[in-house]
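Right after this note come the structures.
What follows is chain A paired twice: with chain B in the first complex and chain C in the second.
On to the complex of A and B.
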C-alpha cells in the first residue's frame, strides 16, 4: 500500500545482470506490459548503445524492456514534452513513464494544465543525484579522468563523488565539488536541485539504502503504484524484502546530504544575482537577454509551457516581429508565465542558442514565489499553481487588469 | 502509435548543427534538441528550429515539367530525360555550362562535375561558392595553401581576440556567435568590422570599426602599419613561417594614417585600439565572410586580412587563423568536389597533369585541360545551361540583365525542389528530393564532413540529384562511368580520388557524432580540426605576404545616385529565400523585403517608417518597405537578399573581382524616393 518500502530486485537473472540496481524497474514495467496494465512504456534508451546520447522510446513489446535497463547520467531527455507534444498527452493510451524527479514534476504540472491525462499514466520515478550534459561529460572524462569517453560503461554519483566504471571493470573517482568548481560535472540545474527522491511519482526507486546489494530501494507513493507493484511481486516478476532500519536511515541520510549540497549551490548561484545593486540589475539582465536570437528554444523546451497559440509568436502582436534581439518583454512575459511552476529541469537553459542563464533566473524567482505562496511545483497534483488560483477578489482589486 | 527520434544535421547555414527529427507514420512531426552534438549542444537558431517545414510546402515540385507551347506540362522521367539528351547532343563543349549548388550533397556535386567533364567535355561547371567565397581560394591558396576554414568551431573558444570581419555573426552564424560570447566570458576581446550597427556590433563586439562599405583594405593596411610602428609584429613567426615580409613592410611604410581615417571613416584611435588588441593577443582568430569578399576587390581584402594574421603570428594553432565562413550546408563540399571551372575534385588545378590523373582514375580519355567559364560568364555565354539547386535570378548581380541573357538561351534545365524564379525561365524543370529524403554527406564550415540519412520518403516523382544526373549520363552513353546504385558508392569513388577524404567512410561517419574534419588521409586518422600546425600548405611551407593596395569601390555615390547601397542577410531567412519563405514562422517574423534608412536621410527624402519606397540604381529599380533605423549611418542603405519582390540583385553592380570573378554585391550607388 501507499507508503510501503522495500528492497527489491528482479527475479530474472538476465535482467539483474544487465541492469544497474537489481533491475526492478525493468521487470516491473515488463509486468505492466505483459499484464496489459499499460499499452506502452515510455523510457529513455542509449541510442545505438551510446551512453552520451539518449532518446525516448515507446515500448510495447515486453521483450524490448531490457534494452532500456541501466542508468544514463549523461543525457537529459525532455520526457514531459514528449508526452504532451507527440503522445497526445496520453489521452488515448495507457502509458508507464520512467523518469527523474524533474520529469515527474513536469508531467504533474502539465496534468494540472490539462495537457496530460494522469489517469492513463503510471509514473515510475528514479532517484536522481544529477545529470551531466553529454558534451561536458565527455570533456570531464577526457580531461579530468584522463579516460577516453568511449571506454566508460557506467557512471555513478555517490557521496559527493563522480565515479566512472571502465570497460575493464575498474573504476575511477573524482570529487564532484572540485570538478564543478571548474565548470565540469553536473548540469547547473542539477547541482542546485533539492528533489532527489521522486515521491510525487507512483513508485520511487533508487539505490540509496541498498548498501551495494544488487537491488533497489523502492517506495510506493500512491495507491495506483501499490496495486501494480504488489501484483508484480505476486506474479513473481520481482523479489522483495522489507528494508531494515539501517537501510531507511541510510537512504534518508544520503538524501539529506544531497539536499544540503543543493542548497549550498543555490546560495552560490543566487547570491551574486541577488547582490547586484538594484540600479544595475536591469542592465545586467538586459545584457544577458541582448544575446537572444529569438529561436524560441526556451519556450518550446519548457515542460510547463503549453499554449497552442502563444502570445509570443510573431503574428500575435505582443512582440515586434523580426526584431533582433527581441524586446526584453519577450523574456519577461515568458518567465512570468512559467515561474510559479518551474521544476528546475534546466531544459530551457540547455537549449538556449545564446547561453543565457534562463533556468537559473526562473528557478531563483520561483524560490522567491515559494516564500509567498508556499507552492511546490510538481509535487502534488491537487495543489493549484498561484497563477491559476487567482481569486475573483484579487482580480477586481484596483490596478489589477488582466487582459487574457 | 509509434514515434521515433532520428538524428540529423540542420539544412541551413554551414555550422552543421545537430537535431532530432520526430517521426510518426513516415512524417516528420517535430524536432527536438540533440544535446550530444558538438557543434550546437542541443541549441538551434530560428531557422534551425523550423528546419523541416519547407519540405512539406504545398508547391514542392513533384513531377518533371516540360515547357510545351509556352506552358509547363507534367511528363514522365523518361520523356523529360530524353528531351534533355536530344538537346545536349546539340551542344558543343563551349556551348554548355553546369551550375551546381552549395545545397547539393558531396555525392551530387561530384557526379555533376564528372558529368560536365566526362560527358560534355568542358570544365564549365561552377557552383554558387563563386558568388560568395571564391576570393578565399584566390587569396588564401597563395597565402597559406588552402581557402578553407583553418580552425574548428569549438576551438574558436580558445581565442583571446576574435576579429569578426564583415560578418554579422549574431544573425548569420548564431551558434558561432555563442562560441564567441563564451570566449568573451573568459576575457577575449571582439573586434568587428561592419558599416552597419548590427546586433553583432551592439551586443557582441568590444570594438566596432564602422567603416565605409568597401574600404576594408585601407583599414587593414592602417592597422598593420600601426602594429609595425608599435613593434608588435610577431618577429619569430615571420622569421620562421612567413615569406615576403620586406615588400609588405616597405609598402606599409608609405601608409598615411590620416588618409586611412578619411577613406574608412573610422577614427584613428579606434583603429589603433583594434590593431594593438589583435596584435597583443595570444591567439587571434579572424572570422570573415561576404562583407569583405563580395567586392570587386574581394580577393585583395582577403589577402590583406591574411597579411594581418601572418604579421601577428595568428595562424597555425587551434583557435587562430583567417577563417572563411561559408554560409551554406555544402559551401565547402561542392568546391571540394570540383564544381569550379579551375579545379577538379580535391582542388587539383585544371591542366594537363590533372586531366591525366582523372583520365586514369575514371577510365576515360580527353578530359578538358583548359579552365571553363565562371558562373556569371556562363549565364551570359552558354546557350545550353543546366542549373541545379540555385537561383541565379535572385543570387547574381544585375538580374535584369541576366534575365535578358537567359531568355535567349537555347535550352535551360532547372533541377530544384521549388518553382524558383529561374525555374520560370526553364525549358525543362526536374523535381529533386531534398535533405532528409535521401542519404548523403555534406561538408560544413570547418571542413566537417557529416552524413545525413534518409528519414522520410521523397514525395511524388522526386529523385536525389545524383540519381538524375546518373540517368542522364546513362542515356548519353556513359552508363559504365556513372554506374552508381547509391550515394555510398559515389562516396567510395570520391575517397579514391580526393586525398582529403580518403580516410572518411560512411561507417565512420555513422558512428562519430559531429563528423570528421578533412584532411583525413587514412581510416585510422582522427581528422584535422586545425590546419597548418607544422607548416602551411604552400610549395615552400611558408605563409606568404601579398601586398595589397586599397582601391575604392567600383561605383561611388554621385548627384544622381547619392546613397551607398549594401546588402546582407536576416537571421530569419536564408539566401534566396526559397526555403525560409515557405516556413510560416519565419515569414511571420519578416514577411517582405525592406530597406534600412537612417533617420536623417529619411527626413531629407520625406520617407516615413513603413512607407513603400522605390530604390533605383543604374541597373534597375525595386520597391521595398522603409525601416527607419540608426543601424545604418547617414548615406548608407541596406537591403536583405531574400525576397524576389524586392530583389536586391536587381540593383547591384556586376563589377567582378579580376582573380576570383566574385561580384561587388556589397556596394553600389542608389537613390531612394517614396513611391507615389
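On to the complex of A and C.
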C-alpha cells in the first residue's frame, strides 16, 4: 500500500554480495523484467568497471541486471533528458528508471510538459546525499586521501563525512565539510540540495535507518509502486520485514541533518551573489556571461528545456547569429524560461565549458520564486508550473488576495 | 559644462482594451514624460519575458506594462499570467543588478486612464531617481 515502509533485502545471495545495501533495487528490477511488467530498465552502470565513468544503460535481459548493482557516487548522468531524447519519452515502451531525486524531479517536470509518458514509467528513486564530479572525485582521492583513485571500490557519504573503501577492504574517512571548504567533495548543487529522499518517485530506497545491516529502507510512495513491490515480495525476489520505530526515527533524523546542512550551504553560496553592491552586480554578471562561447550546452543539458524550435537559435531573430560572446539576453531568456521549474540538477553548470555559475543563479531565482508562487518543481505531477499556467483557483481569487 | 538633465527612456506595453494613454494626451492635455513611448499589445500577456528583457537590453530605463484587472481580462486568464510573468521577472532583474523597480505592472481599466497617466508620471520620477539603466550605462 502507498505509504508503507519496509526494511528489505534481496533473496539472491549473489546480488547481496555485489550490491551495496541489500540489492533491493537490483532484485526488484529483475522481477519487473522477469514478469514482463516493464520492457526495459534504464539504470546507470560503470563503463568497463571504471567507477568514474558512469553511463546510462538500457537493459532488457534480466540476467544483465546484476551488472548495475552497487551505488556510484562519482557520476551525474542526465536521466530525464536521456528518456526524452533517446527513448521517445517512453511513449512506446514500458520503462523502469532508477535515479536520484533530481532525476525523478526532472522526469516529473517533463511529464508536465508532455514530453514523457508517465503511465509507461516505473520510477525507482534512491536516497542521495550528494554526488561528486568524476574529475574532482579523482583529485580528492589522490590528493586528500593519498590513494590511487583506481583502488577505490566504494564511496559513501555518511554523517557529514566522505568514506572510501579500498580494494583490500580498508576504509578511509575524511570530514566532508573540510573537503568542501577546499573545493573538493560534492558537486556544488548537491551541497545545497534539500531533497534527499525521492518521495515523488514510485518507490524510494535508501540506506538511512538500516543501521549498518545489509539491507535497504524502502518507502512505497505510490499505488503503482506498491503493486510491483508487493508482487516482487510475493514472488520471493525480495525479503522484507517491518522497520522498527528506531529505524524510522533514524532515517528522519539523518534526512533532517542533511537538509540543515543544505540550507547552510544555500546561505553561504547565495550570500555573495546577493550582497554584491547593486552597481557591481551587473558588471559581475556581464563579466561572467562574457566568457560564454555559445555552445548551447546549458540549453541542451537542461531537463526542463523542451522546445523543439528554440528561440535562442540563430534563425529565430532573438539572438544575433555569429556574435561571440552572445549578449546577456541569451542567458536571461534561457533562465527566464526555466527558472520557475529548476530542479537543481546542476547539469547546466556541469556542461558549461566557461564555468559560469549558471545553476547557482537559476536555483537562487527558483528559491525566490518559491516565496512568490509556492511551487515546488518536480514534487507533484498535478501542480502546474506557475509561469506556464493559471489555475482556476487563482482566477476566482479577488486581486487583493493574490500575492504576486 | 552644462550637465543635461537625465530623462529616462520608458517603454510602455499597453493593453489595447484598457489603456488609452496616447488618446489622453489630446483629450485631457496631460503631459507624458518626454521620452516615453508605448506600443499597443492585444493583451498585457503580450509583454512576455522576451519582449521585456529585450526592451531593457535595447536601452530602456524602465518598462511599464498596462493591463486589465484579472477579472476584466478579455482573454479569460491572460492578464493574470502576465501578472505572474512580471512578478517572476523582477527577481531575475534584481539578481543581475537591474533594480526591479524599473519594471512595473499597472492594472488599469478603460475608465481609469487619467489615473494611469498619473501613475506613469510617478513611475518616471522613480526611474529618474534610479538613474540610467545599467544596460545603457555600459553602452556609453
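Everything below uses one rule, namely that the second predicted complex is superposed on the first by the 389 of 404 C-alpha atoms of A that agree within 3 Å, B and C clash if a C-alpha of one lies under 4 Å from a C-alpha of the other, contacts with A are read in each partner's own complex, and residues count from 1 in each chain.
Definition applied: a residue touches a chain if its C-beta (ideal position, glycine included) is under 8 Å from a C-beta of that chain, and two chains touch if they have at least 3 such contacts.
Since the model is a prediction, treat every value here as computed from it, not as a measurement.
On the superposed chain A, the two partners chain B and chain C both fit, without a clash. In the superposition on chain A, A:290 contacts chain B only, with no contact to chain C. In the superposition on chain A, no contact is made by A:25 with either chain B or chain C. Looking at the shared chain after the overlay, A:69 reaches neither chain B nor chain C.
When the shared chain is aligned, no partner comes close enough to touch A:111: not chain B, not chain C.
Applying the stated contact rule after C-alpha superposition, one finds that A:313 touches chain B and leaves chain C untouched. In the overlay built on the shared chain, the residue A:85 is in contact with chain B alone; chain C does not reach it.
Looking at the shared chain after the overlay, A:56 reaches chain B, while chain C stays out of its contact range. When the shared chain is aligned, chain B comes close enough to touch A:301, but chain C does not.
Look at A:368: by the touch rule set out above, it reaches chain C but stays clear of chain B. Put simply, if you stand at the Cα centre of chain A and look at the Cα centres of chain B and chain C, the angle between them is 80 degrees to the nearest 10.
Superposition on chain A places chain B within reach of chain C only down to 13 Å, the least C-alpha distance between them.
Shared contact residues on chain A (touching chain B in one structure, chain C in the other): none found. Partner chain A is touched in their complex by these residues of chain C: 49-50, 53-54, 57, 69-71, 76-77, 80-81, 83-85, 87-89, 91-92, 95-99, 107, 134-135, 138. Residues of chain B touching chain A in their complex: 1-3, 5, 7, 20, 22, 24, 29-30, 32-36, 38, 40-46, 48-49, 170-171, 174-175, 177-178, 181-182, 199, 202-204, 511, 513, 570-572, 585, 588-591. Chain A contributes residues 40, 47-48, 50, 52-53, 55-56, 58, 75-76, 78, 81-82, 85-88, 93, 133-135, 287, 290-291, 293-297, 300-301, 313-315, 321-322, 324-325, 350-355 to its touches with chain B in the complex.
The residues of chain A lying in touch with chain C in their complex are 273, 276, 278-286, 311, 318, 327-329, 332-333, 335-337, 339-340, 361, 364-365, 368-369, 372-373, 386-387, 389-390, 394-395, 398-399, 402, 404.
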